[in-house]
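Presented below are the structures under discussion, each in the form of structure tokens.
Next, two complexes with chain A in common: one pairs it with chain B, the other with chain C.
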Partner chain A sequence: MRDYVIRRVLGMIPLILIVMIVAFAIFSLVPNPFAALIENPRIKKADIERLIKAWGFDLPWYLRFFKWFSGVIKGDWGPSLLYPGSSARDVIARALPVTIRVMGIEFLLSLLIALPIGIISAVKQYSVTDYVVTVFSFLGMSMPTFWFGLMMMMLFSVFLKRPSGAPLLPAGGIMTPGLEEAPFWTRFVDQLQYLVMPVLVLAFSSVGSWTRYMRSSMLEVVRQDYIRTARAKGVPERLVINKHALRNALIPIVTLVALSVPGIVGGASITEKIFNIPGMGSLIIAAETKSDYPTAMVGLMLTSVLVIVFNLIADIVYAWVDPRIKYS
Partner chain B sequence: MDNREVLVDVKNLRTFFYTEDGVVPAVDGLDLTIHRGEIVGLVGESGCGKSVTALSIMRLIPNPPGKIISGEIIFHGENLLKKSEEEMRLIRGDKISMIFQEPMTSLNPVFTVGDQISEAITLHQKTDEAEARKRTVEMLHLVGIPEPERRYRQYPHELSGGMRQRVMIAMALSSNPDLLISDEATTALDVTIQAQILDLMRGLQKKLGMAILIITHNLAVVAEMAETIAIAYAGKIVENASAREIFKSPRHPYTYGLLQSIPKFAERRTNEPLPAIEGMVPSPYHMPNGCRFNPRCPFATEKCRAEEPELVELTPGHLVRCFHPIEP
Partner chain C sequence: MAEQAVAAEKKKRSSDDYSYVGMVFHRLTRHKLAMAGAVMLILMMLFVFVGPLVWRADPNEQIPGLEGMFNPPSQAHPLGTDDYGRDVLARMFFGGRISLFIGFISAVSATLIGAFIGLLAGYYGGWADNLLMRFTDAMLSIPTFPLLIALASVMGKGMWQIIMVIVVFGWMSDARLVRGLALSLKEQEYVEAARAIGASANRIMWRHLFPNTLAVLIVSTTIGIGSSIIYEASISFLGFGIQAPLASWGNMLQNAQQFIWNAPRLIVYPGLAIFITVLGFNFFGDGLRDAIDPKLKL
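So, the complex of A and B:
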């Protein structure tokens, strides 16, 4: 097992390099952002050429890659083109906590809700409970987040008001301006209000799919012979489900959960746009379309590394929960 | 033989399955008596209701779609069909144990075999973990598993089919049951292993004194093991007698046909085909009127097509359900 992990970790290095080169090559297809400045009569041609040279847009993409990569090795991912004055790394570092907070809470909340519901739904297959769960699961999975988000906003920010006349929940943003220096609990309560709607919107759709995964995994297990064996030896029904069945049904779920963790960092661009959250999703899209390749590359490499690392973690966890899996 | 104490008395058991295509009377008026310490063989073709009888005794019929409609299963003087689920749970694996056809899938893949056996022990006996562990090792030793201490820590996938069936037997016998139900327990094993497992069961029966209900489609298995044989056809018992009687002088045409269709190596020098029972098992959705065997019976008369025969005692201890029993 230890050798296997070491081998996999070593294998990651070339993989990450390849991802880096391919991603960089793809970003170079976005047109040179400075070329359009030529049409602006107030900017001198010499200045434009200086900018192009400084950013390496006068070079073919592979030479620009080496220029950029020599900085990366030293830990310098380059300046952000989108946010002049900030380094690409700082731009990402500002968006990352915002995204992790929304997505992380959403991720944990939906698992906490979906897994028990999925188990109940499977154990009571074809009951009223199961049908209700199934309908809501598909509703959640098929509801467009932008529409659901706007409906939530109508409800909580337009129709429902506090006695003071202010909306019940803030329609967008991440915190009330002016509270930056407030005591911890005041800030905590304030920011929590901003989280409610985006978390609910995102969780509604992922609860749906997690419930379906858990339900089908559980259904697969409860009809196995060893469940009948457990009943035949007098195991109480509660333990038949929570011990004998669940341990087996969780094997594929645990892997899926591990593989989904990198998604927390990727953000959810549409929901972020609707609720005006300065998170990773919208930042990366802006960086990609505006040719801010240093920022886009930081974000992309962060996600890639997490995907690769969590693939390994998923494999390790898989071997840990399923005694039949052995790596050698 | 009848002066022995009756352990299980199944009277007029009816277990039906309600499917989308109609009602399947899997067991339809089945009677069966098992005495204390007796080995009874329940023989029949696929779909004759053998396994459903076993699961009915255990009260493990999956509901829906299955349901025990009527009848009595008297065990130790009490009707099992009147017991609550909790009372039944305490009997399962303690007083009545069951082993199944598929040793490869009957053990839970994520728990060690030792844990699975000691779970059965702690469920029914007031023992601490160390005591249960000791008893488990003893049981593994008793069923002929070499190196029981090491096997205790192994997972089912590390054991062969024969070893797994021994583990199942150890688990089933760990609480000294009064009745062991073996549902085709040797069918999936190859012939040499099959013989070993049958030997083991016979040896353990002598040592521990429990009654065994052997369910099989293989007459050779019961010929070796059983004292009493019940032949089932289309959800009913058609003949019930001592093993000697059944093989020496079968009275029901179906039993006769079954015995005729066993290839006899020594007698067969000619090229004539093996005798077989004409026709097919009736569809469970369309049971024939009258005697259920009449469409395939060479001796069938108008009476057989109109009326259903009762199970009658022709000679002491020899019960036959036929209007025209074969004369010995």
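So, the complex of A and C:
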């Protein structure tokens, strides 16, 4: 096991390097942000050239990559071009908590809803419940989030009003301006209202796929011989499901959960954009389309490295919860 | 008498009477959700391809002036008009053609590229396998959506560019799938026999291994069309996809978003169309997978 982990960790290094190079190569296609400054008569040409040189835009992209990479190794992740005056790290550090809050709540909520539903749906395979659950899971999985988001916004912010005439739920943002200094509970209730729609929109689609995973994993287990043995020797059905079947059915789910954790950090670009949430997803999209490659690269590297690390964690957890699996 | 009827019924239904394709088709027709998906898809195709023959309006003809804008549904414009006074129904037809075309072409190309890489890696093994699969792993670790948008924002806004962008980030799961299948298939005796009579590696890969992965690939393409349509719509929704005046469901939605307060119904149509189409492909793909092999994991 120890050798296995060491080998895997070493194997991660080339993987991360390839990811970095591919991402950087794609960003290098985004036009040079300083070239556009030439149009501005108030900026001196020499200044522009100095900027281009300082940023390495006079070099071909692979040399610029090394320039950026040596900085990263030294801990200097570069300044943000999108928010002048801030470093890429600060910009990311501001967006990260916002995203983790939305995505974390969404993640826990959808697991809490989806796993029991998936289990019931599998235990009562081909029942009406099962069909209803299946249809709803597919509805969730096929729902374009951008459309669902807009429809929710129409419902809760345009059509449904409070008695005072204000929309039932705020259409976007993360908190009401001016409430920064309010007492904790006021702030809590206020920010909760901003979370309802984005969390619902995101959860609807992930509940769909989690339910499907849980259902198929459970179905696979209840067909097996040892479940029949347990039933034959008279173990009560509740125990058969909750103890014998569920424990094994959860093994693949645990790995899937581990694999999905990096998504909490990556954010959801479209939903964040619709609801005007200043999180990682919308930040990365804004940074990369406006040539702010230091910010975009830091954001992307953060998620990709987490994906790679959690892949390893998933494999280790897999061996830990399932003694049948041995890595040599 | 009753027994005879049962026996006759059995004979009629017996899988032995069917070829492989016939058997899969038979199982598919008994799958309720797959049939629901098929009906949705057929209706959508009729809407998009036959619709314009029935309702002959020009999707780009504008009614100038304020009276043309945001007309509610009427006899002249069954779904009303948009901000330029264009007929929304006609734009739905032509936008749907673009969305379906992009979805179909990009899913098929991604599957073929994935199959090619997977076959090479699985058949040759060794360093080729290592190299190709490490690259596949790396591509899978990259958060797809942000890079998709980055690429789309620099590639230009044409239909073929968008197809390319979707393909670049869409082949990896098929590559893994086919590699796995190729690894087990190449150990089978008929492959050894083919090698013994001197078949070239290319011939073995494409004539002997590839056809055996086809069933699985058809399922993954069907589901892939749905997600490609969503990708196209997301790219267009963020403004990097198909550009006006050409319509796609995604850019109609993006356009309608600004007018959520004055014409909310403009948001409903294109989104509903995307939703029904994707749902149809998912239902149908799921049924197809069950019909081909219920144990298959995709």
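Here is the rule we use: the second predicted complex is superposed on the first by the 322 of 328 C-alpha atoms of A that agree within 3 Å, B and C clash if a C-alpha of one lies under 4 Å from a C-alpha of the other, contacts with A are read in each partner's own complex, and residues count from 1 in each chain.
What we mean here is this: a contact is a pair of C-beta atoms (placed from the backbone, for glycine too) under 8 Å apart; a residue touches a chain by one contact, two chains touch by 3 or more.
In this text, all values refer to a predicted model and were calculated from it rather than measured experimentally.
Novice: Put chain B and chain C onto chain A via the superposition and say whether they clash or fit.
Specialist: They fit side by side.
Novice: Which of the two partners, first being chain B and second being chain C, lies in contact with A:A230: first, second, both, or neither?
Specialist: first
Novice: Just checking: does A:P323 make contact with chain B only, chain C only, both, or neither of them? Give me first, second, both or neither.
Specialist: first
Novice: Could you look at A:L256 and tell me whether it touches chain B, chain C, both or neither (first, second, both, neither)?
Specialist: neither
Novice: Check the residue A:T289 against both partner chains and state whether it touches chain B (first), chain C (second), both, or neither.
Specialist: Touch partner of A:T289: chain C, not chain B.
Novice: Pick one for A:L150: touches chain B only (first), chain C only (second), both, or neither.
Specialist: Second partner only.
Novice: Taking C-alpha centres, what angle do chain B and chain C open up at chain A, rounded to the nearest 10 degrees?
Specialist: After superposition on chain A, the angle is 70 degrees.
Novice: Output check: A:T134 vs chain B and chain C. Expected answer is one of first, second, both, neither. What do you get?
Specialist: Once the two structures are laid over each other on A, A:T134 reaches chain C alone.
Novice: Between chain B and chain C, which makes contact with more of the residues in chain A?
Specialist: C
Novice: I want to verify one number: the closest Cα approach of chain B to chain C after the superposition, in Å.
Specialist: 5
Novice: In the complex, go through chain A and note every residue touching chain B.
Specialist: 224-226, 228-237, 244, 247-248, 251, 321-324
Novice: Considering the complex alone, what residue numbers of chain C touch chain A?
Specialist: That would be residues 33, 134-135, 137-143, 145-147, 149-151, 153-155, 226, 230, 233-234, 237-238, 240, 253, 257, 260-261, 264, 267-268, 270-272, 274-275, 278-279, 281-283, 286, 297 of chain C.
Novice: Please output the residues of chain B touching chain A within their complex, sorted ascending.
Specialist: It is residues 58, 60, 85, 89-94, 97-98, 100, 102, 105-111, 119-120, 123-124, 155, 157, 168, 171-172 of chain B that touch chain A.
Novice: Give every residue of chain A touching chain C within the complex, in rising order.
Specialist: Per the touch definition, chain A meets chain C at residues 14-15, 18-19, 22-23, 26-27, 29-31, 134-135, 138-139, 141-144, 146-148, 150-151, 153-154, 158, 216, 266, 269-270, 273, 281, 284-285, 288-289, 296, 299-300, 303-304, 307-308, 311.
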